[in-house]
Amino acid sequence: MQVLRYREGAYHEEEISVESISSRTSFNEDYDVTWIRVTGLGDTALLEQLGEKFHIHMLALEGIVNTMQRPKFEDYGAYFFVVLKSIHSWEQEENIPISQVSMLVGEKIVITFEEKEEFFFHAVWERVVSNKGLIRKKKADFLAYSLVDAIVDSYFSVLEKLGEELEQLEERLIYDPDKEAIHAIHRMKRQMLQLRRALWPLREVIGNMERGVTSLIHSTTTVYLRDVYDHVIDMLDVIENYREMLSGMLDIYLSSVSNRMNEIMKVLTVISTIFIPLTFITSLYGMNFIFMPELKYQWAYPAVLGVMLLISLAMILFFWRKKWL
Amino acid sequence: MQVLRYREGAYHEEEISVESISSRTSFNEDYDVTWIRVTGLGDTALLEQLGEKFHIHMLALEGIVNTMQRPKFEDYGAYFFVVLKSIHSWEQEENIPISQVSMLVGEKIVITFEEKEEFFFHAVWERVVSNKGLIRKKKADFLAYSLVDAIVDSYFSVLEKLGEELEQLEERLIYDPDKEAIHAIHRMKRQMLQLRRALWPLREVIGNMERGVTSLIHSTTTVYLRDVYDHVIDMLDVIENYREMLSGMLDIYLSSVSNRMNEIMKVLTVISTIFIPLTFITSLYGMNFIFMPELKYQWAYPAVLGVMLLISLAMILFFWRKKWL
Amino acid sequence: MQVLRYREGAYHEEEISVESISSRTSFNEDYDVTWIRVTGLGDTALLEQLGEKFHIHMLALEGIVNTMQRPKFEDYGAYFFVVLKSIHSWEQEENIPISQVSMLVGEKIVITFEEKEEFFFHAVWERVVSNKGLIRKKKADFLAYSLVDAIVDSYFSVLEKLGEELEQLEERLIYDPDKEAIHAIHRMKRQMLQLRRALWPLREVIGNMERGVTSLIHSTTTVYLRDVYDHVIDMLDVIENYREMLSGMLDIYLSSVSNRMNEIMKVLTVISTIFIPLTFITSLYGMNFIFMPELKYQWAYPAVLGVMLLISLAMILFFWRKKWL
Amino acid sequence: MQVLRYREGAYHEEEISVESISSRTSFNEDYDVTWIRVTGLGDTALLEQLGEKFHIHMLALEGIVNTMQRPKFEDYGAYFFVVLKSIHSWEQEENIPISQVSMLVGEKIVITFEEKEEFFFHAVWERVVSNKGLIRKKKADFLAYSLVDAIVDSYFSVLEKLGEELEQLEERLIYDPDKEAIHAIHRMKRQMLQLRRALWPLREVIGNMERGVTSLIHSTTTVYLRDVYDHVIDMLDVIENYREMLSGMLDIYLSSVSNRMNEIMKVLTVISTIFIPLTFITSLYGMNFIFMPELKYQWAYPAVLGVMLLISLAMILFFWRKKWL
Amino acid sequence: MQVLRYREGAYHEEEISVESISSRTSFNEDYDVTWIRVTGLGDTALLEQLGEKFHIHMLALEGIVNTMQRPKFEDYGAYFFVVLKSIHSWEQEENIPISQVSMLVGEKIVITFEEKEEFFFHAVWERVVSNKGLIRKKKADFLAYSLVDAIVDSYFSVLEKLGEELEQLEERLIYDPDKEAIHAIHRMKRQMLQLRRALWPLREVIGNMERGVTSLIHSTTTVYLRDVYDHVIDMLDVIENYREMLSGMLDIYLSSVSNRMNEIMKVLTVISTIFIPLTFITSLYGMNFIFMPELKYQWAYPAVLGVMLLISLAMILFFWRKKWL
């Protein structure tokens, strides 16, 4: 459990053990904001200690541990509780690894609970320590905004990566559609589904923070939350767009499979249809009847060859007209 | 008809017969909450007795027996009436067995009507008896919440089971798509439909309980109902997700069927197209014309064999270029 | 034109001719409710007489005759006007026979206009005459509710009938999908469409009656209308469910057609691919070249037979591996 | 530019030239309503003169001429502006000819601008002149209603015509599905799209007129507008229904194409599979090997014929069992 | 950075360098409106200078540079900020080139930021300079309207161009459907998606400007914005229509591919089915059995020819009846 306390002029970093939580009388002392950062959700004792110390509602504590839920916002009066989903380092695997980040925001305190260590949070921590931007001049609500913003920004890079993959996939589909392509389309469709599920409820979450449901968010922070909100909407729009593109690509793939089938059938039909009648003729004169007068004529063989040539040409002309050749 | 009465310090369990209902003057005596549990809906006399005793509206009584309706909430002033759907033990059968649970909630009383015995209710009964958690400290509205919560929680395990089956089905689809797969996809689609039908109206039901439509729900219980509400939303989201995954799997199946057809056609076409012209040539020299000078040349046979070899190679090259081989 | 007047203690049945309408000064006399029942919409004179007598708005009169409209509710102040659709005896024909019932409801009067005679209305009439249930104790608004309820209830039996047909169709699809099945699916889809069109606007109609748009509905009747409303919603839900099941069945049918095509192609391909090369070989040794040394070897024939056997076995192994056999 | 002025007791018809517009001081004189009817939108001078005379907003004038817009309602205070789409004589062509009608409605004046001459308007004009119905007793708002009603009514006949065509198409599809059918389905789908585009915004337009957005509509006219509104809704419902039927027909067509393909393949497969092995056998005994002992047995030929018969029967039995025959 | 200042009687054009911005004390002097036009978004120094000079919020400055966002409207009190998408010269390429235009509108000032030079803005500039229309008589809000209007109008020509292409594509599809057609359909579908993404959020943007969210828009400008709003709605309707037409065209294409496959299969089946049995017969009498009495009959050959003729005719009749010929 790492603790960072700061006001405009000063800051204090500390590592606190579970045992020492209850013995502490005050957390804020003479700082404006206290950020308590808990990494990993396995330490039940720690959660219980924190719950008692800060009077956290049992249901909120349950929400921190239950990673099967959608992002949500809950107002408990003295503090509000936010559940978010973040994206982690990800290398072309089947599913995008999504983990959960919960946040309790009070007037002077922000407690974050990370399922896996969030690297985007290190950057925020660094910004406080090095006093970059507005963060040290602002209160706990601005820290909460900065953390939400860090998570939302991390989706952009994933979307860009998927966008590039989409374009490559599209080119591959036009020049060389194969069985792999359809699996890639479906994998990307699922990834879009994953992203949409993680982002869609964020609209409501950030909307609730921004719309003044809670009095803990100052009006000056509202415009910043609105900006994050717009980013979420922009990304949802991009996802919707990618999804429609993937549907279009599926259609192209299926119609190219149909076209190839057509081509195969044409070749089979042309070859069969030309040679089957010819083979019938040759087979006819391969019969062993004793009384077959044609067999004895000297010009019969070249005549039959000529007839077969004519039939072939007629067939080819027929296929030419049907545009099968 | 089992009756459980309790207050913070005490409880009383009792089995009451139909006949004795009307003779009873009071049910609550000196307890805070009375829970009457009716199992099975066949006993019309019992329902009528209860209806008279507790002034239950005729339409509510009808609603208890009619198992063809959707979950709903109805406010009758002195009490409110809730219809829910629960899931029972279920072993890979075609349809998920869904049964109905109705609940009448008054200020000091909760009457439950179970189509089939609900095992989840035993756990709640046990919690009252053994005074676990908050339930004994709270009133009838909290008991009602606990019962709704027990039912909603039972859906989670079903969803998990279906989720695992879905993953197995997905793997099977990629490595060995057969006729059974499509029936499995459609069975799961129907099961999702069943679950969604049972859960979707719960949003409104719990929403009505929580939003203070009735004054029988105390404001402290609201936050617990909100939590159940969120669970329902989370599950609906998972169901929607599974449905989209099943649609994607149907697409994969159909495109794999197309691909296999293509492969079959390719084999047929390659073999036919190579041998049909060759067979024509052999058939040509099987004709019995007397004047066929080629037949008498000593090198004619090997020459024809050579020509046929060349034709085969040309064909194979052609198919190679078309990527049919 | 049949007229039924009643109060809690008495009732009066009467058949009134068109001519006598205008000469009557009062219809209610000392009864609480007057129900005028008009069967068939062809008698323009009657409609005009009624329109004048009861000051019915021209547009309402038009609405009674025009059977091409959707169910609707219209408030004219002194009375309200309701258009409904009812279902008639129906024997597996293509379309469900739907006819129109209009209703004018004033403070003490209900006038019904039936396109075809409604048998469900006889039951309500009977209930008034024999004083069953609450109907004689209540006013005109309760009669209106009873009539709407009678119509809505008649949809249930149709839905059950269609539900059974659906299950039979589903079984037939799995065990023996044929051309008829697809026509049955499409017929049922259209019937669902018909039912939905008749029921969907009822939500709004009953909603308007219940929500107190008109002061002619007493608050005690509201709970009964709410019950009918819920029945409509339940049925719409069932219809939606049936529609999704029909879509699923269409998918199963189409994929079974694809599968059968695959099977047909496999048989053709296996037989062709085995015999085409063999026939080539036999055809080869059917050529009449003079210099074909193989023809003279004594072991040539069994050798060729052996080679052909080997080729067949290789082919069969190949198909076995591809799972085409 | 034709002008019709009327009050309950009198009317006055007049043809006014562009030049004389500006010199006129009053249009209403001692009449209640003035209807100015402009046919054709090409006369810019006329539009400008009218714009100046009646203080029409520049944007409304632009709206009259721009025929690429959707139906709309605009309130300019002293008058309101309505754009509608009407349907013209139409004979089985590809697209339904839709033209634009704009209407400016003031307290005592209605100015209509018709892209093409509207024959439905002649009937309204005639009704004023011959004093039929309520129109002469009412004011300008009722004239506006009557004109909107005339346009909406003209859609009914188009819908009926399309409905009949749809039924014919449906029968043709079941008994003889051909290439033309699919083009007919798609033509009708487009026509439905056209109709829906013209009608859909009418809901809002008439809704605005009726809901008292403008004070120029008297409350007694509202009920008439509500009736037109319901007609529009009824027609949209019919269109939606037709669209779903067309989708169903497309599905039937496509599945019948699949079925025919299946049938073709079955014939090919049955014939090929029976004769290919037989031909192999005959070809076998057509080989010219010197040492083929079978050839010399007297019973060999009938034996081979018998074997071939048995193979054929086995094949036929196989196909019979597979239901391919 | 070009600056244009004007009032009804005068105007002043100026080119201002980045350096001189901060030294200027006033921008409006004795003019009513100042339009500052910034072309290209690369000059960070310029943006910072402007931001400081006019107290532009950091988030608005970020919004100007970030071209990955959707059109939006933001109210900052003393000014409002609008992001739009414009379309540039475009010659049948894959994607429609869309660039971003941002606009800051204060009481007396409009600052525009163009990603690429907007030629539509030159026309507005020209209108101010040459005092055409109302623009010089109005304030900054009317200039803002004129710029939005110029951008929206530019979409019309793109839609017309795409409409014409659509019609050509449709004709091509009916008379000669080929592989290119499907790529053209998909290209157009994507272009429609692009246009819809650029236009859809404009509804909200212009709606916000018009609905008086900001007090900077005078009520007289509202009616003009409403007109632009309607144009956007009209275009979205056209796009929706084109999208449904493209879907219909995709269906036509796919069904024509199916039909062609059917035709190919029919030819193959007819030819194969006629000749395969005939070839069997010829092959039969090509066998070399010594005891084949038929071979010696004088009429055997013509008899076999006759039988084969009969079989052919029977086959042709069969195909004729099945409508395969």
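Here the chain labels run A, B, C, D and E in written order, and each chain numbers its own residues starting at 1.
Throughout what follows, contacts are C-beta pairs under 8 Å (C-beta built on N, C-alpha and C of every residue); 3 or more make two chains touch, one makes a residue touch a chain.
Everything numeric here is computed off the predicted structure, so don't read it as measured data.
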| item | value |
| --- | --- |
| Contact-linked chain groups that survive once chain B is dropped from view | one piece |
| Mean-CA-position distance for chain D and chain B (Å) | 41 |
| Of all residues in chain D, the ones touching two or more other chains | 258, 261, 265, 268, 272, 276, 279, 283, 286-288, 292 |
| Overall pattern in which the protein chains touch one another (line/ring/star/complete/other) | ring |
| Chains in cyclic order, anchored at chain D, direction fixed by chain E | D, E, A, B, C |
| For the chain C and chain B complex, residues of the former touching the latter | 174, 223-224, 226-227, 230-231, 233-234, 237, 241, 244-245, 248, 251-252, 255, 258-259, 261-262, 265-266, 268-269, 272-273, 276-277, 279-280, 283-284, 286-292, 324 |
| Complex contacts: residues of chain D adjacent to chain E | 57, 59, 62, 68-70, 72, 74, 76, 179, 182-183, 186, 189-190, 193, 197, 250, 253-254, 257-258, 260-261, 263-265, 267-268, 271-272, 275-276, 278-279, 282-283, 285-288, 292, 294-301, 304 |
